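Shared between the two complexes below is chain A, which has chain B as its partner in the first and chain C in the second.
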Partner chain A sequence: MTAIATDPPRSAVSSPLERAYARLGVLLIAPTILVFTLVIVYPLLAAIYLSVFSIYTPTLQGGFVGADNYVELLTGKAFWNSLRVTLIWTVGTLTLQIVAGVGLALLLHQNIWFRSLARSLVLFPYFLSTVVAVLVWKWLFNDLYGALNHGLMQLGIIDMPLDWLGSMPNAMIGVILVGAWKYFPFVVIAVLARLQTIPENLYEAARIDGAGPIARFWDITLPQLRSVLTVIILLRAIWDFKEFDLLYLLTGGGPVTSTQTLSLLVYQEAFGLNQMGQAAAYSVGMMLVMLVFMVLYIRQTKEKA
Partner chain B sequence: MANVIFKDVHKSFGSFVALEKLDLDIRDGEFVALLGPSGCGKSTTLRMLAGLDFPTSGEISIGGRVVNDLAPGKRDIAMVFQSYALYPHMTVGENIGYPLKKRGIKGAARAEAVQKAADLLQLGALLDRKPKQLSGGQQQRVALGRALVREPQVFLLDEPLSNLDAKLRSYMRAELIELHRRLGKTMVYVTHDQLEAMTMASRIAVMHGGHVQQFDTPDAIYNRPANRFVAGFIGTPPMNQVEGTVEGGDFVIAGHRVPIDRTAYSADLHDGPAVLGVRPEAISIGSGEGLPATVRLAENTGHETIVTLELPDKRRISARVEAARRLDVGQPVALRLDPAAIHLFEATENGARLNLDDTPASVIPMRST
Partner chain C sequence: MKLLRPVLLNVFTWSLVFLIAFPLVWMIVTSLKPQSELFRIPPTWIPESVTFEHYWRLLSETPFLRYFRNSVVLATTTTLFVVALGTLGAYSLVRFTYRGRETLALLVLFTYLLPSVVLIIPLYLMMVTLGLSNTLFSLILAHTTFALPYALWLLRSFMEGIPEDLENAALVDGATRIGAFRDVIFPQLLPGIISTALFTFILSWNEYLYALVLVNSDAVAPLTTGVMSMLISAFNIEWSLLMAASVMMSLPLIVVFAFLQSYLTSGFGAGGVKG
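Now for the complex of A and B:
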């Protein structure tokens, strides 16, 4: 039905049957559009509306302030600090996710005896509730009785327990690590699925052509993974960019604001400082940044179709 | 010097024996076809030669060097896969140049070699395309180009023409013959198409059930098949095989006697059960004296007619006659077999041929090497 709708030369001279199909098509997507409007378009417009008011969150009362909130966004430090933090967090955790994810996918693609067990185990962090994961990691990171410090001291890498989540740059390293741990299984599964569809005889041909294992990775595996990696990177970048619960539970944005990403800033502004209007302005700013990723993603998926 | 020798090679996949006691001695510059039905182990043989599979036991050597422990890239071979296995993300030019790139040949030298291979295969205009944008025949030529570009010692081809239509296939057959003549390199060619094997190869290894049944020239394969399998596999329609008994100077089929010359057969031919083999073209259909039969089907292909005949005991055989010959279904006829064209086989399932003479029973045009 979409084919008919997006095919102008044909629908222009459409037969009664084609018109009936088009009507049916509109009817079938109508519920989706309705729900979409209610849960996405309305809040979006509401946020833009709120962002030009100064609103006290508990009462939702306040006056029109024009562009004041946006002036604060552009001239104040908070937004730019959080944007910087968000980018560091996103790039850091995403890089680790991709490297670890592709690496493990390659390993699990080999014929190793524990393959099927490992394939199911690898999903564990992804399925684990964030609250549980954070509790476990907080315990591991704890500066007094944490297993991480204990291990590092036993190995002689450090001689004093480190304050992992309470000081910089350790806190950032900590959240990046936990984020990578939590989300790399997604990369593993997506890459593994693609790996299994690469024809074996490409590798055989490459072997005959004189390519060693490393050349085969660069010349065959990686180009074949290109399209799936682009989609994974864009999707994960969007998700990591707006990640909230993991960071909020792990550090709450601290120490001070050194791990306060844009999501945390918006939350803090809206429910900590009770400035709903300013929070709405921040979230509109955040949305504009994300729009860049969105456009890239849409372009990428369109190219493939 | 690039002869290829398989010495007592066995190959099992788990408990399944794919190849048993494989011995092949392929001479330098020879065009050898591995011919056999599906699953007989042709690809396995080729893959072991390429180094993609490993023999369970035995020795494979190329140019006098044992290659059992040599990586595929070090064997100085090139292979054309049945599915072409072109690198999808590389252009035609990059595909053809890849073996050179991996051997450290750079810049102008590589470009020149790629151009030469592309010209040879008329791919010059397609160098910047991706494999996806090519027809099957063009892809096949790219796969050949990638094999040719390096001038390896031995070419391995695994059913390279099987995905092409009949016309392109016969064109590519001629091209390959020409190419082999020009390069003079050893070629091992896997096919299940006897026409390809007969027309292209200087020698054919007929394989069946993991064994080489016969390794000989197309002429010998056709005219002196080593056993019942080869006799029944080669020829369209294949050689007729009729079970009967040898009684003195006669072969008895359903009570009728066909005279045979006992001196033309080995001492292993005893009175008793045996199998008579005769090619469809060595049967003449007439009336009066001879083996009685009834015409059941006459298929005119334009230049000849294939006649299906029923013997008195309901067994069917086929004969080849000129297209102009009129034969009616149900018509009783008498068959005469050319005594020089009678093959006798042991009466076992894949009985050996017992003829002594090495004179061809009929002659088909052959390509010389």
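Now for the complex of A and C:
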């Protein structure tokens, strides 16, 4: 503190103490920057660099091909097909997540029996390993012995066992369902937290004005949830868009390429077809599409800060 | 009518909760059914007899315990590494001023949203060149790519929640920055650190893609790829064994849920979803 007292009051920013603090700040972040550069920034730049080469994965041999990989991306069918599949998957599963998430959050906000147990049970799938979720659902979807087909048959909804993951459109419906089941708890938690902060007197005022529960939802709850929902939708859209594990493990992108999202296309190209350069180009293309969502999300979070 | 409404609400909500939890119930039920009962058509919803033979076989006849040990080492090391780096980094990002700080924070957020498949190809090449492929160390490094931005982002929000006056008071009393961090910030941040550590551990425990690409030796495979290989290699898929493996694989999670759940929910508030 003596440093500040004895220092002539030129500018606060350049006082020795401030400068020492800035140095300490840099020192504290330095290990993080080092690791970031090594495992994220360098690979990211390397991916862009690799995308103008043709590399055979097993031998890692190849040569410069210029924009060829990008020409293939733009003119070939693979990228656009996968982009279409990714959008169907994202929109489908996200819509279900939001509807189920908001619905259950509203219910779990009510005073029900064993509320914390109910909340725990609803939360659980989100934290479950995708591998476990997929194994359980594959067993549920099993065409001969699966509980889902038999349950639906006993309830009289279907008369024949369905082939859930091997044919279209069932495979897409299947992955969308499992995705919604796995990820909607995220929406529940975020919405529940927000619901608890809505002032009760807003509802009382509406009740005095004679608004029913449905009117209260549309006029008070939903507008209050708007900002948190925007963030949730953007964040989940980004995460669903890049989802790999769930789709790869459930269908492997099949039947043929009907559920092959962009993440799976990149993996398949790099480690199935052994075309690393082309795969890198696909991944760069995918990142460019995602950049739109990312910029929107970052702007949204900055607005609030 | 006044009495009926809460009952209806409860019944409705709990039916939905049961429907959501059903896959998990079914996982446990299947793991306890004897082989003879498993392939009954239609399936028995409540098992007629209960057996632990699948758990016994899983532990004694399959490499499950080795996968489990690998996952424990992998997730623990990743968590310790990432939380240590992230705590210092977040302290620096929130409480210090220097050039490039805002850009760094933005970079962290950007990487937090980056898809793994973009990094996987260069990381694979890097690990092959360094001779690190098929080691747990390569997986720890790879897990840092998603765990570090995540931990930094969480810890940053937790750090922002600590009043600046506390630290200033310590500084006025003559403490150094590091001393103030140790005595004032760290105790305040501890719940946030625990929450971040739990999230990081779960993320690392559950990760599949990097393990699939970087490790193809059974000796270092973690649970995710290890258990999946048990599914693929089996000629006759042994569902009860796989369900027993799934239950065992979820054990750490069940422990966290039973004792530390509040830390998970507080992590959500901090993780950029504040309304």
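Going forward, the second predicted complex is superposed on the first by the 273 of 305 C-alpha atoms of A that agree within 3 Å, B and C clash if a C-alpha of one lies under 4 Å from a C-alpha of the other, contacts with A are read in each partner's own complex, and residues count from 1 in each chain.
Quick note on the criterion: a residue touches a chain if its C-beta (ideal position, glycine included) is under 8 Å from a C-beta of that chain, and two chains touch if they have at least 3 such contacts.
It should be emphasised that the depicted structure is a prediction, and the values quoted were computed from it without experimental measurement.
Per the definitions stated earlier, placing chain B and chain C onto a shared chain A by superposition produces no clash, and the two fit side by side. In the superposed model, A:L121 lies in contact with chain C only, and not with chain B.
Within the superposed three-chain model, A:Q196 lies out of touch with both chain B and chain C [touch as defined at top]. When the two complexes are overlaid on their common chain A, residue A:D245 makes contact with chain C while staying clear of chain B. Touch criterion met: A:Y42 reaches chain C, while chain B stays clear of it. In the superposition on chain A, contact is made by A:I220 with chain B only, not with chain C. By the document's definition of touching, of the two partners only chain B reaches A:R207; chain C does not.
Between chain B and chain C, the partner in contact with more residues of chain A is C. Of the two partner chains placed by superposition, only chain C is touched by A:W181; chain B is not. Once the two complexes are overlaid on the shared chain, A:T59 sits clear of chain B and of chain C alike.
Of all C-alpha pairs linking chain B and chain C after the chain A fit, the shortest spans 11 Å.
Note: no residue of chain A belongs to the chain B contact set and to the chain C contact set alike, using the contact criterion stated above. Contact residues on chain A toward chain B in their complex (touch as defined above): 199, 201-202, 204-212, 215, 219-220, 223-224, 226.
The touching residues of chain A, when paired with chain C in their complex, are 1, 13, 18, 21-22, 24-26, 28-29, 31-33, 35-36, 38-40, 42-44, 46-47, 50, 60, 104, 107-108, 110-113, 118, 120-125, 127-133, 135-137, 139-140, 142, 144-145, 147, 150, 153-154, 181, 186, 189-190, 193-194, 197, 225, 227-228, 231-232, 235, 238, 241-242, 244-245, 248-249, 262-263, 266-267, 270-271, 276, 279-280, 283-284, 286-287, 290, 293-294, 297-298, 301, 304. Interface residues of chain C facing chain A in the complex, by the touch rule stated above, are 6, 9-10, 12-14, 16-17, 20-21, 23-24, 26-27, 30, 38-39, 41-43, 85-86, 88-89, 91-93, 95-98, 101, 104, 106-107, 109-111, 113-126, 128, 141-142, 144-145, 148-149, 152, 171-172, 174, 177-178, 202, 205-206, 208-209, 213, 223-224, 227-228, 231, 239, 242-243, 245-246, 249-250, 253, 256-257, 261, 264-265, 268-269, 272-275.
Considering their complex, residues 50-52, 71-74, 77-79, 81, 83, 85, 87-90, 98-99, 102-103, 146 of chain B touch chain A.
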